[in-house]
Structures are given as C-alpha cells and as structure tokens.
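Sending over a structure as structure tokens; questions will come in a sec.
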Amino acid sequence: MMQSDIYTVNVGPIHPSTHGGLHAEAVMDGEIIQDVIVHLGYVHRSVEKIAESKTYQQFVPYTARLDYLATNLPVLGYCQTVEKLLGIQVPERAEYIRVIMAELSRIASHQIAIAATGIDLGATTGLMYGMRDRERIMNIFEMTGGQRLLSSYIRIGGVAADIPKEFIPVVRSFAHDIPLMIDEYNGLMTGNEIWAARMQGVGILSLEDAVKYGVTGPNLRASGIAYDIRKAEPYGIYDRFDFDIPVGSRGDSLDRWKVRIEELRQSGRIIEQALDNLPEGEITARVPKVLKPEPGIEVYHRIESAKGELGYYIVSDGGKKPYRLHVRAPSFINLMVLPLVCRGGVFQDIITNIATLDPILGESDR
Amino acid sequence: MQEFDLEQMVQNIEEQLGDKIRTERDQFFTVLNIDSSELLKLMRELRDDYGFNYLANLSSVDYGEEFEVVYHLYSIPDNNKVCVKTRVSRNSAEVDSLIDIWPTADWQEREVYDLMGINFKGHPNLIRVLLPDDFAGHPLRKDFVMGGR
Amino acid sequence: MNGQGLIKGLGITLKHFFQKEITEQYPDVMPELAPRFRGCLQFEFEKCIACGICVNSCPNDVLSFETEKSENSKKKKLLSYTIDFQYCMFCNLCVEGCPKDCLHFDHDFELSTFSRDDIKRVYLRPAEMDEEEEVETASMQDEQENKEQNKIEAMSKALQKNPAKILAQVLEQEEDIKILSELVQESEKTALKMAELLVKDKEKAAKVAAGFVTKEKKNRLQAEKGGEE
Amino acid sequence: MEHLFTNLAAAFTGWMITLGLSPVWADIILLLVKWIIIITIITLNIIVLIWLERKVSAFFQERLGPNRLGPFGIFQTIADAIKLLTKEDIVPSAADKLIFKTAPMFFIVVAVMLYTVIPLGQGMEVINLNIGLLFFISIGSLSTIALLMAGWGSDNKWSLMGAVRSVAQMISYEIPLAFSLLGVVMISGSLNLQDIVAAQDNLWFIILQPIAFITYFIAATAELNRGPFDMPEAEQELTGGAYTEYTGMRWALFFLAEYTNLVAVSALMATVFLGGWQGPWLPSWLWIIIKTYGVILVFFWVKWTFPRIRMDQLMSFSWKVLVPVSLGNILLTGAGIYFCKWMGWC
C-alpha cells in the first residue's frame, strides 16, 4: 500500500488564471482535490463604506468599478435603485439606450469569460478571438461614453449623453455578427474533443445545491432552471423584449460554458429589438442637483448582471448621502460553491471551475 | 402545494408569533420585523412551509444603539419575495446563524461579521472574509474612524 | 466527434493565418479615438470663476484650488488650480458640472510619468492675467460708464415720451406726477437729471423728485401770488 | 551543390593528413568539427525558430508578432537572448543547488546528442550508427531526468508537480513512440537511419505507415512537452511547472533545449516518414531542412489551436488508445509484409 500525504497548493493570489486576486488554497491528495479554501479580500476597497461618504451622484463611477468587465451593468443596477428610492421616471429613449448598453456589457463580460476560459485551458488562440470581438464593444463604449472600460455612461435619471449618430449602424452590425462569432468559438473550442473532455462532468453543480448556495446567473441556469431576473422580475423595460433563457442540464463546466455562449445570441436579439424600437426624445429625466430621498426609506433592487443577481440595498436617512449601501455581489456568492464543485476532481479542474464559474474579483471583494 | 398568498402567510405568522413579530409594508417589500429570539424558527418556517428557498441578500445596518440584520428572501422559480429584519443591541450583537437553512448564508454572514461586527451563533467558521485577520475594528460601523487621505 | 472537432479547429486557425491582422500598430500608428474619448483633463485658467462646483462634484477629491479675495472687487481671485491625476477616475462629473466650460478632456491618453510628483498638475495663475485684469477693470469701468450713459439717455427719452408711467415709480400722488411730468417735458435738463437718478439710485430719485415737485409748487404759488399782486 | 559539405569534409580530412596527422586522429578532429558546426547551426536555428513560432502564433491569432527589431522583428530573439544573459541568476535558498544548477545543462546536452544520428543529407551525419533509431529513442527519453532534476531541485510544489507529470507523461508516451517506429523498422529491416532513408527511395513511409505516422506525431508532441501536451510547463495551472524557479540563462537553456528537441524530433519524422533527404532538383541537405520545417510548422499549428489536455485523460489516452493502436499497427505491418512475401512482391 502506498503512503500518501495531504498537502496544500496555493493557487493565487498571484497566479496566471485566478482572474484577479483570488486565492484558492487547494488541499490535495496527489492530484485529487480534497478541499479548496477560498481566501478573498485582495481587492477589497470597502466600497460600501465609501458610499456612505459620497453623494448619490458621486457614487456612480464607483459602481462601474465593481464588475469592471461588464461596466454598465452595476451602474445600471445602482442608478435604478436610486431612481426607485426617489421615484424618478426615466425617459423612454434613455431606457432603450440603457438596455442596449447593458446587453453590450453582458456580451463583453461573457466574451471575457470565453476568452479567459480559453487561455485557462491552454487554448491561447481562443483568448485572442474573444478579445478581438470584445474590442468592437469597447469601441462602441468609447464612442458613447468616452471611456473604453469604465465609462460610467448610465447616470441617475437617464444616460450621460445622447448616442452619436454612427452608433446605430455600428451596434447593428455588431449584433448581426454575433452568430458568426459564436460559430467561431464553437468551432475552435466547444466542438473540440479535448475541450469537451476537459469540461464534461467537471465541477458538477446540482440544481438543489445551486439554489441552496444562492448561485445565480448563467451558473444557476446551467444547472437546469430558467431563472433570469430579466424575466422573473423585469426591471426597466425588459418585459418588452422577446428572448429565450438558455438552460443547461447537468450543471457541469461544459453546460456553464454553453449557456454563456448561447446568452451572447440572446443578448444580440435584445439589442436588435431595442434598436428597432428606439424612440426619439429626452435622454435624461429632470433630476435635482442634490438628491435627497425621504428619510427612513429603503429599497432592495436587483438586476440580472452578467454574473448573476446583482442587488443593491440602500437605506436613506434623508441626507444627500446614502445612510447604508450594501451590494449583493453575484461573484461573491457564486464563488462560495468553488470548494463544492472542485472536491474530488483533479488539480487542473480547479482552473476549469474558476474559469467557468466566471467570478470577478472587483465585485466579490468590493 | 396550494397557491401562495402573501397576506395569508403574514396572517398565519402573526397569529403564531404574536407580539414577537411586527409587519410593515412599503411599496417594494413586505417586511417582517422579528424578535431575534424567534428568527431561526420563523426562517425555517418560511423555507419549509412557504417555499422561500433562496436567500438573496443578507445585510446589516448600524442604527446607533441597535444593529439591524436584513434578509431578503425570494422563492425560485415562483418569485415571491419577503423581507425579514431583526434587531440586536450594539452591546450584545449576536444573531442565530442561518447556515443550516440556507448554506448561502455562510459567506454573507462572515461578511457581516467582518464588516459590521455582528456575531452569528452556530456559524461553524466565523472568521473575517474580506479584511485581513489582524484587522482592528469593523469598518461599516458608524463609529469607525476612517483614516487615509 | 472522433477528431472532427480537432480538424475543424485546425481549419479555423488556418483560415485566420491568412487573414489580415486586427491589432493596432500603436505607437507607430496612433489609435483613432472617438470624439468623446476622455484622455487627460485640461483646465483653462482664464475661464474659471472659482465657483467650486467641480470640486464638489468630484467623487475622489482630485480637484482643489486656492483663491484670494481682492480688496477692490467682490470677485474671488483664483490663484492656483490643482488636478491630482493619481486619484482621477475620468468619470466626467466635473466637466459636466462646470458652468463656464473651463474643464475638458483632451485625447491625450499617455499619462504615465517617471516620477510620482509629476502626476499632480498644478496650474498657477499666469502673470499676464494680472496685468490683463488691470487693463480689463479699467476698460470694464469705461464700458460700464458707457452702458450707463446709454441707459440714461434711453430713460430720458422715455421720460419725455411717457413721463407719467415712469414717474409713478418714485412719486405717489397723481398731482405731483402731473407737475413733474410737465416739468420733464418742458426742460431736457431736468429730464436728463431725473433719468440719471432713476437709473442709478431710485431712493435718491424719489427724494429729488419730491424736491422738484415742492420747488415747482412753490414757484407756482409765488407766480400765482405775483400775478395777484 | 549536392556534395558541398561532404566534399568540404573530405578536403578537410585530406588537408589534415597532409599535415602529418594519422587518419584516426584526423577522423576524431573531423568529428569534433562536425559537432561544433552542428551546435552552432542548432543555436542559430533556434533563434530563427523562436522568432518563427512567435510570428506563426501571431498570424494564427490575427496579430503581427514581433516587429520592432530589424525587418519583421527578426532580431527580437537576439535582444531577448541578451536580456536573458544579463538577468540576475536566482537560485532559491531552499533549492538543492547541485541538482538545480546541473538540470538545464543536462537537458541541453541530451537534446544536442540527438543530432548525432540524424542524416542531414546524403552521406552527411555525425556518426552513421547502425542502431541509430534506437539511440535516438533512448537518448530522447533521457530528457525526463533533466526535468525531474529541475523539479526536484527547485524545492517548489509547482516545479515538483510539473516534473512528476512530465515523468509520468514521458514514460507513458515512450511506448507508443517506440512501437509506432517499429513498423518502419520492420519494413526497412534496419535501425540505421541512412538505410531507412534509402528504403524510402520509391515510396515514403507516411503512405505505407499512416497510422504509425499519426501515433508517432501525437506521442512526439507529448515527448516534446508541446501543446496540447505541455503538462510539465502548463503556465495557466502550474505557473511554469518545472521551470518556475529558473531565471536568466538557466531558464533560457531549458527553452533552447526544448526547441532543440523539437527540431531533432521533426528531423527524425522527416527522415523516417517523409523520405529524409531524398527529393528532386534540390540538394539533399536542403530537402531535409525543408521537410523538417514543414513538420515544425505542423507542430506550431497544433499547439496554437488546441487546448491543453487533462493529466488523467492524457495518461488514459496513451494507455487506452495509442498503445493498442500502435501495437495493432505492428501486427498489421507484420501481416502485410508476410502477405507481400507470399504474393512474391518483395
């Protein structure tokens, strides 16, 4: 009988495939993972405390830095929460522009997930193709919001500026090309036998566990339930769009990967519909310079971010700064299942699982 | 399972818990203010009898003398929602841990412990999650003195 | 399956092997930037009125300025303006807030410096601005005088045309207004004097108007007496 | 042109004999000179090869690759080499110093030794060994020891994991590697590589032995630690595997040796399956270079397309697929030869 010792390997915080400052301490028996202990906080900025010392408008750019890969989604969530708090009605045109920007952000985030999964599994070329396509979204963001990554384009009451006139054709051609991109990702990666072998049956997250652990977003849907807040509790004008919710069946890495790829297509559909119905009109509601919600009022508002349920809980004391702001970060809670899905797998599965759970540390550490 | 009725549920719970519970309604949520001693019982009932299988958000607010722990519950896929709040005094800030009911409370409770300094009774691994282990104080408390620039 | 996927993947990479590159050849070729691109924050000293809206709207305390209250004018005098770039989030909130458009982002995105001290940008009050200001105040005084003169002339004309309406501002009794109206219409000098006072100082105008009226009343009384005598 | 190098060698030997050296000594000196020339060529070749891989991978990814130094960035590798030479040589304090320091040297020596038997043209080889193929396979598998030394000596978990993986991988893939070459040996009836080339006078062995070619290609990729079998290095998982702790020139030696191995294995593939130096019009030594580079490009192509395979799948693929297939190939070849003889074709 061979004697073997349990030993630990520290994946991160400085490691090529931990998507930021994630530190996963793998307890291993040979190549088999016994447990994974996740250490967070390497990018902790205490955003919730910062919020208490900033006015409602000043905090907008900070939210963009939560999920910096899908920059418009956390901003959208925050702005909608504050609008709910104040009862601000956003103009139609702004709502449509917001939907377009939010879905573009979702695509950008998923493309990063695809690209990063590519490089994590050793398909370096997949990284480049994902990044190449994402670059077009970055150009759109630059064109509208002025910044490529953290544009803070969505503002309380509407959007910062009207879309430039070249916006619509550019976005339309991008939405049109999404199926071609998907074909390429599928051809290079999904259909590849090595790829399938590395993902199939790896990191299985059962539906029961997923709900119990509060996993949301593509990771929950991959486990086999069509739960999407855009449909379940539509915010903004999402009830007006026709799109499908891709669902997996086994909840393994391959399902998570496929759900993300399919969501690109659905986001493309939403963008096309929004472009078709884009009305003319105001782009921002009349918002007072100093925002003072009624004292004692509080609201929990959630949106379907690229990573899952992104919720903001804001308590107002009547001042111009939030009394308490809490961010329900999907990455933070999705990461909780990392030990669960890794146990029993081999060392390389940690990398696969981190990649397909798609956490973003800016959001999880806040 | 019969059709879910929020009003019916609130009525049932109020009957059962009497003065331990106080219900508030605003335009977004039905809020159940529960005495911290009955929290575990109420939560278990909410999950088992009323299908709130998903603890979406666990947060806490510092109200000076008291801390308020706030739970936002949803049910998947029916999408019913309810908010549960409980208050504990600043001096003996301790709430029952919900980790047995919803495992997702694990890190969320650790976060509240870390940033707000509320203890969760029955949590198996109540250590700081975001801040370093040797950090002094709990930043989200209002009396925390911010340093830096 | 069974190798088809592998071959398809090889086909895709082979196809891209012969395609044109998509990368930008920075720094040989500078990237084309959108008009709204936010590169480096620029400040125009001349336009700034030191209102502090930018400082208040900044989320991260990037901006700060020093002012001095000069003795002879109520205006605050801006001495220096500091942009501490290491904290800037390029969120555009200051630019949107500025009422005088003295802040804007240009397209220069190469902001790295060799020293930490260089990150901070301090705009000092340019020397020629002080000189300019003196000239400016002088010319402004001229201008103001000119303006006033014009106003006074316009007022006097209006007085001659429709005295009752304007004089109602300073006089209460209809009788008095009537008397002064006649006076104003009679003599241009009186009209000009009244107009000047009306433009500059209403209270004084009221007093003077009252004075005019009493004097005229006296005159008329005397004239009546004299007539009798 | 064809006999340029053989004539030069003959002239050199003749010149030495006229100087009064005995023929034995002249041969030994010639051997040494051949070695030095080959090492020089290898080193220069690697510089081109590294540049080529970066360029090729860039084209696969719609990039330009190195383009700053010299035309098409050709001097980039030289700049990198200079940078690596001037870097600080860090030896971890916990490392087993002797093993740590000798591992890269061992690796490169083993890699260079592979060239002794490869026929680089008609009558051009360092030694015309009659067990050339066997020599190649056995020396080629020695590089495992270098990787194990590196992993063990570094005293780092990543390095050790990389090293252990490489040993497991090498041992598993050594078998299909040797077995797939056995078919060729059976047909040509010789282990001498010049004889094998000569046997491909009419027909390349890739046509007679397609299964062997594919199994050899896969096994060779694993032997070379190249993607999709780059387990020992695996940047994304093991942060560099066995090479994690190496810096500067020591690391560069590993890098150099990997490419040296790549060229050697590609040259062997060209020799065994693609007719070696045989070809029309061009001189023989040019043909082997063209064929070798062709094989290298295919290696590049595969690496820059496929994701990395998982360790357990890698092992099971070797034992469950490659070994049976290569064994079956031997059986098939034997049956074929017997059939040919029975029919009187050969």
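Details
We call the chains A, B, C and D, going by the order they appear; numbering starts again at 1 in every chain.
Here, contacts are C-beta pairs under 8 Å (C-beta built on N, C-alpha and C of every residue); 3 or more make two chains touch, one makes a residue touch a chain.
Just so we're clear, the structure is a prediction, and the values are computed from it rather than from any experiment.
Upon removal of subunit A from consideration, the remaining chains are partitioned by touching into the following groups: B | C, D. Taking C-D and A-C together, the pair of chains sharing more C-beta contacts is A-C. Centres computed as Cα averages put subunit B at a distance of 53 Å from subunit C. Taking each chain's centre as the mean of its C-alpha atoms, subunit B lies 64 Å from subunit D.
In whole angstrom, the spacing between the mean C-alpha positions of subunit C and subunit D is 77. Rounded to a whole number, the gap between the C-alpha centres of subunit A and subunit C is 44 angstrom. Within subunit B, contacts with two or more other chains are made by no residue at all.
Residue positions of subunit C with contacts to 2 or more other chains are 6, 9, 12-13, 16, 22. Annotation for subunit D: residues touching 2 or more other chains are 60-63, 304-306.
Judged by the touch criterion defined above, the protein chains form a pattern that is neither an open path, a ring nor a star, and not fully connected either.
Contact between chains, using the touch rule, shows up for A-B, A-C, A-D, C-D.
Those residues of subunit D whose C-beta lies close enough to touch subunit C in the complex are 56, 58-64, 301-302, 304-306. Per the touch definition, subunit B reaches subunit A in the complex via residues 26, 28-29, 53-57, 59-62, 70, 72, 76-77, 79, 81, 83, 102-104, 106-108, 111, 115, 128-132, 139-140, 144, 146. Chain contact summary for the complex, subunit A toward subunit D: residues 7, 9, 15-17, 31, 118-126, 128-129, 132, 188-189, 192, 194-195, 197-198, 346-349, 351. Within the complex, the subunit A residues that touch subunit B are 40-41, 44, 46, 48-49, 53, 84, 211-215, 225-227, 232-233, 297-302, 309, 311, 313, 315, 323-324, 326, 328, 332-333, 335-336, 365-366. Note for the complex: subunit A touches subunit C at residues 54, 57-62, 64-65, 125, 129, 132, 135, 139, 142-147, 150, 152, 160-161, 164, 184, 187-189, 191-196.
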